[in-house]
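Read from first to last, the chains carry the letters A, B and C; within each, the first residue is number 1.
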Amino acid sequence: MSPWGSWFFKIIRTLGSISVTMVGLLFITFIIGRVMPIDPVISIVGERATKAMYDAAYLDLGLDKPVIVQFFYYLADVLRGDFGVSYLNARPVIDDIRRVFPATLELATLGTLFGVFIGVPLGVIAAVKRDTWIDQIARVIALVGYSMPIFWLGMIALLVFYGMLGWVGGPGRVGIFYVDLVPPVTGMILIDSALDGQWDVFRDAITHIILPASLLGYYSLAYISRMTRSFMLEQLNAEYITTARVKGLSEWAVVWRHAFGNIKVQLITVIALSYAGLLEGSVLTEIIFSWPGIGSYITTALLSADMNAVLGGTVVVGLVFVCLNVFSDLLYSQFDPRAK
Amino acid sequence: MKLLDVENLKVSFPTRTGVFDAVRGVSFTLGQERLGIVGESGSGKSMTGRAILRLIRPPGRVTADRIAIEGEDILSMSEKQMRSVRGQRISMVLQDPKFSLNPVMRVGDQITEAYSVHAKSSRAETRRKALEMLEAVSIRDPERVFRSYPHEMSGGMGQRIMIAMMLIPEPKILIADEPTSALDVSVQGQVLNIMDKLVQQRGMGLILISHDLNLVSSFCDRVLIMYAGRIVETCRADALHDAQHPYTRGLLNSLPRLDEPRTQLEVLKRDPAWSEAPSVSGAS
Amino acid sequence: MSSLRNWLITDTPTSRRHAQLASFYHGWLEFKANRLALLGLVILCLLVLIAALAPWIAPHSPFSQDLGNRLQPLGSDEHLLGTDSLGRDLLSRLIYGSRITLYIVALVALIAPIAGLFVGTVAGYVGGWTDTILMRITDIFLAFPRLILALAFVAALGAGIENAVLAISLTAWPPYARIARAETLSIRRSDYISAVKLQGAGALRIITKHIWPLCIASLIVRITLDMAGIILAAAGLGFLGLGARPPSPEWGAMIAEGRKFILDFWWVATVPGLAIFTVSLAFNLLGDGLRDVLDPKSNK
C-alpha cells in the first residue's frame, strides 16, 4: 500500500476512535443531564415555571419517549452544535461558549509556553546535575506545584502582586477603559490588539494576563520539569550515551543532541497533557481573576443549576481533551522512527 | 614504545555498605597485538576497559600509577583533553548494538558524527569516508544502510556499524567489550574476522574483553585472566592449556570437550587466597 | 529487643509469615532512610490524631459564633489563629475540618482503587470483547477533565459531602483500572499461573489469590500519590460551595469565606490554605517514599 494509503487509513482509524470516545462522553453527559437529576425538567426551566411551561418543556425534551431515543435526539442536536439554551441568559449555549472559550485558550497557551520554556531546561539540568542543589530546588518547585491549591495560590498572588505591590493589572482581561475597544478576530485579546495595532490595549492586556498565566505556568512547569527529568535520567543511563562519550563528543552534544533527541517525542505527549491540565486548572483560576473564560462560565452555570450550559461546556472541554490526546499520539507515531 | 601502558590501575565505588573495589591493582602493556582479558562477571574486566578511557564518573574513583598511550600520560589530562583522545587515539566497541546505537538517529549520521568530531571536513567528504568505512566492514549496500535506523539492522550488521563508527577516526587502540556476546553464534566469527582484519591492516592494538575462554584463546595473541579485580595469570594464547594458576585450570577444566568425554563437568572451587594474592603483571 | 531485630533481618526465614514480616521490616528500614518521606508519614499521623482527638484539643466549638469578636488577628487572646467573619475560632474550625478532609480522603481511597481493581483485573484476565468494552469505558472516563466532570456530577446530584466523594471517585477510578489491567496482563502469561491452573484453580481463585496481591503494591503507591490531587479537588469543590454544606468547617469552604476579606484580614483565607498545602505535601512525600521502596524501576 502506498504511504498515502496507509496515512489515509490511519486518519480514518483515528477519527473513528475519537468518535467512539465522544459518543461515550456524550452518553455520560446525557445521563448526567437527563437521567440523574431528580427532575430534569426543573433543571432546565427552573423551579418557578408554570405547569404549562413545565409540560411544554417535558414534551420538548422528549421525556415521554424511551431513554435510548432521547439519547439519539440529544446526539443529533449536539452534532448540529445545538447544546440548548442557557437558562441564565436565554441565549444558545453554543454562542456563549464560542465567546468565552478563546479567553481560556489564551490563558492556557501562555501558561503552557511558560511551562515549556522554563520547565524543559530545568528538567534537563536537574537530570544532568543529579542530586546537586539545582536538582533539589527543581524538586521543591515541583513538590510545591503538586501540593498547593491553585485557587489559594492565585488569591495570595493577586493580593501580593496587585493588592499590595500594584505590579500587575487587577481582575479581568483588560482594564475598564479598554473593554471592547478591539475588534474580536480570534477572541484572544493579545493577538487581536496586535493585529489591530492598538498597542496600548496590548500592553494593558499583558499586565492583566501575566499573573494568571504565570500561575498556570508554574503548575505546568512543575509537571513538565519532573517528567523531563525522569525521561532524561532514563536516557543518560543508556549504552548509546556511553558510545557518544567514547566518540569524544562534548557533554553538551551528548546531553542535547543524543539524550534530549531521544525524549523529544515523549515530551510532546507530556506537553499535550499539560495543556489539557491547564484547561482544567483554569476552572478555579478564572474565578479568582474574574477571567471570562469557559471555566468561570461552567462554574457560574453550575451555581445557577443551568444544566445546559454546564453540560455544553463539559462536552466542549472534553472534546478538546480527546483531540489533544489523539493528536499527541499521532505526533508520537510520526516522529518516533521505532514506531513506524 | 608500547601503544598502551597501564600500571596499578584501581577502580572503586562507594556503596551504602562500604567501598566496593572493582579493580584492584591491574598492570599490563599493549603493543601491536591482540590482547584478551578473560574473566567472569564481576571480575572487573569491563571496568578496566572503561577506566582506561576515563569513562568512569563520580562517585566512582579511578587511580593508577600510570596510564599512557604511546608514551603520553592520559591520567592527568583534563576532561577537555581527554575528549580529543577518545575516538581519535583510542576507541571502544560495546556489547549490544540494540542498545549501544542511538535509536532515533540515522546510522549514517552517527558514523559521520564520529568522524567530524575530530576532523574538519566538508559534508560530502565526511559522507564519502563513512560510506567507505561501511564497505570496509563488508556491508554490501552502504547507501541504504547509511540512510537507515539502527533498529532496522540485524545484530551482526549493527556490530559492524559499531566497528565502522569506532574505527573511522583512525585510533591506534581499540577496546572491544564483549563484542560478540549479544550475537548469534553463526555471526560471531564473521564480526570478529572483520574486526581482526581492520586491526591488522591499520597496525592497531586490540584489547578483547570477554568471558568466553575459547573465543579469546583462538582469537588473541596474549591472554590476561582476571579474577576479583586482579590479574591472576598471563600467558600466550597458544600456551593457555599449559596455564599454571588453579583458577585458570579450573576454567579450562569446566569447559566441555568432544575429545575428552567425562561423566561429570568440573565445578570451579574458589579459593579465597586467589583474591588476596597480588596482581600479576601483564606486561609483555 | 535486639533478638527481635535479628529475627527480622535473618537471611533464613522459618515460615511464610516470618518471611513476610522480614521483607516488611526491610522495606520499612529503607523507607525510614528517606527523611522527607518519614516527615510526610509523621504529618499524616498527626493529622489522624488531631482528627480523632478533635473534641478534646479544639479550644472552642467550631460553630459557636461571636459577632463581637469578628475577624480577630493571629495570636489574639482566646483565639490562636484568629476568628472569621462570624467570630468563630479559626483554630477549632481547622481542627474539626481535618475530620472532613480525612473522611473524604478515606472514602475516595477505598472506592476508586477497588472499583478500578475490579474492572482492570476482569478486563485483563478475561480478555476479548469484555476487555475491549471495559477499556473503552475506562478511556471515556479518562478522556474527561477530572474536575469538570466532578463539577458536572455535583451539579446533577446536588451539593453535599457524599455527592462530592462520589463525584471525585467517579473521576479517579480509571487510572487504577489501567494499572490493574497492565499488571494482570503481565502476570496472566507467567508460568506459575499456568501451574496453578493445572492444579485445578478456577478463574476466581486465580484472580483473588494470585493476581490481586501483586497489584496491591502498585495501587498503594498510586493512591498515595493521587491523594494530594484528591484533596485539592475536594478543596476546589468546597471552595465553590459544592462540598460540605455550611456551617461545616471544610477547609476549601473556609477559604471561600475568607476571600471577601483578604485585603485587610488575610489570615482568614490563608490559614486553611496552608493546612491543605501541608496535608497534600505530606501525601506527596509519603507517596514518593513508598514508590522508591516498592517500585525499584522508578528513577529517583
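Basically, a residue touches a chain if its C-beta (ideal position, glycine included) is under 8 Å from a C-beta of that chain, and two chains touch if they have at least 3 such contacts.
In this text the structure is predicted, and so the values were computed from the model without any measurement.
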Partner chains that subunit A and subunit B have in common: none
Top-ranked pair of chains - ranking by C-beta pairs in contact: A-C
Length of the line joining the C-alpha centres of subunit B and subunit C, rounded to whole Å: 52
Subunit A and subunit C, separation of their C-alpha mean positions in angstrom: 25
Residues within subunit B bordering two or more other chains: none
Multi-partner residues of subunit C (at least 2 other chains): none
Set of subunit A residues in contact with two or more other chains: none
Subunit A residues within the subunit B interface of the complex: 238-240, 242-250, 258, 261-262, 265, 336-338
In the complex with subunit A, residue positions of subunit C that touch it: 136-137, 139-141, 143-149, 151-157, 228-229, 232, 235-236, 239-242, 252, 255, 259, 262-263, 266, 269-270, 273, 276-277, 280-281, 283-285, 299
Touching residues (chain side subunit A, partner subunit C) in the complex: 20-21, 24-25, 28-29, 32-33, 36-37, 43, 143-144, 146-153, 155-156, 159, 163, 230, 233-234, 276, 279-281, 283-284, 287, 298-299, 302-303, 305, 307, 310-311, 313-314, 317-318, 321-322, 325
Complex contacts: residues of subunit B adjacent to subunit A: 50, 53, 55, 83-88, 91-92, 94-96, 99-105, 113-114, 117-118, 149, 151, 162, 165-166, 169
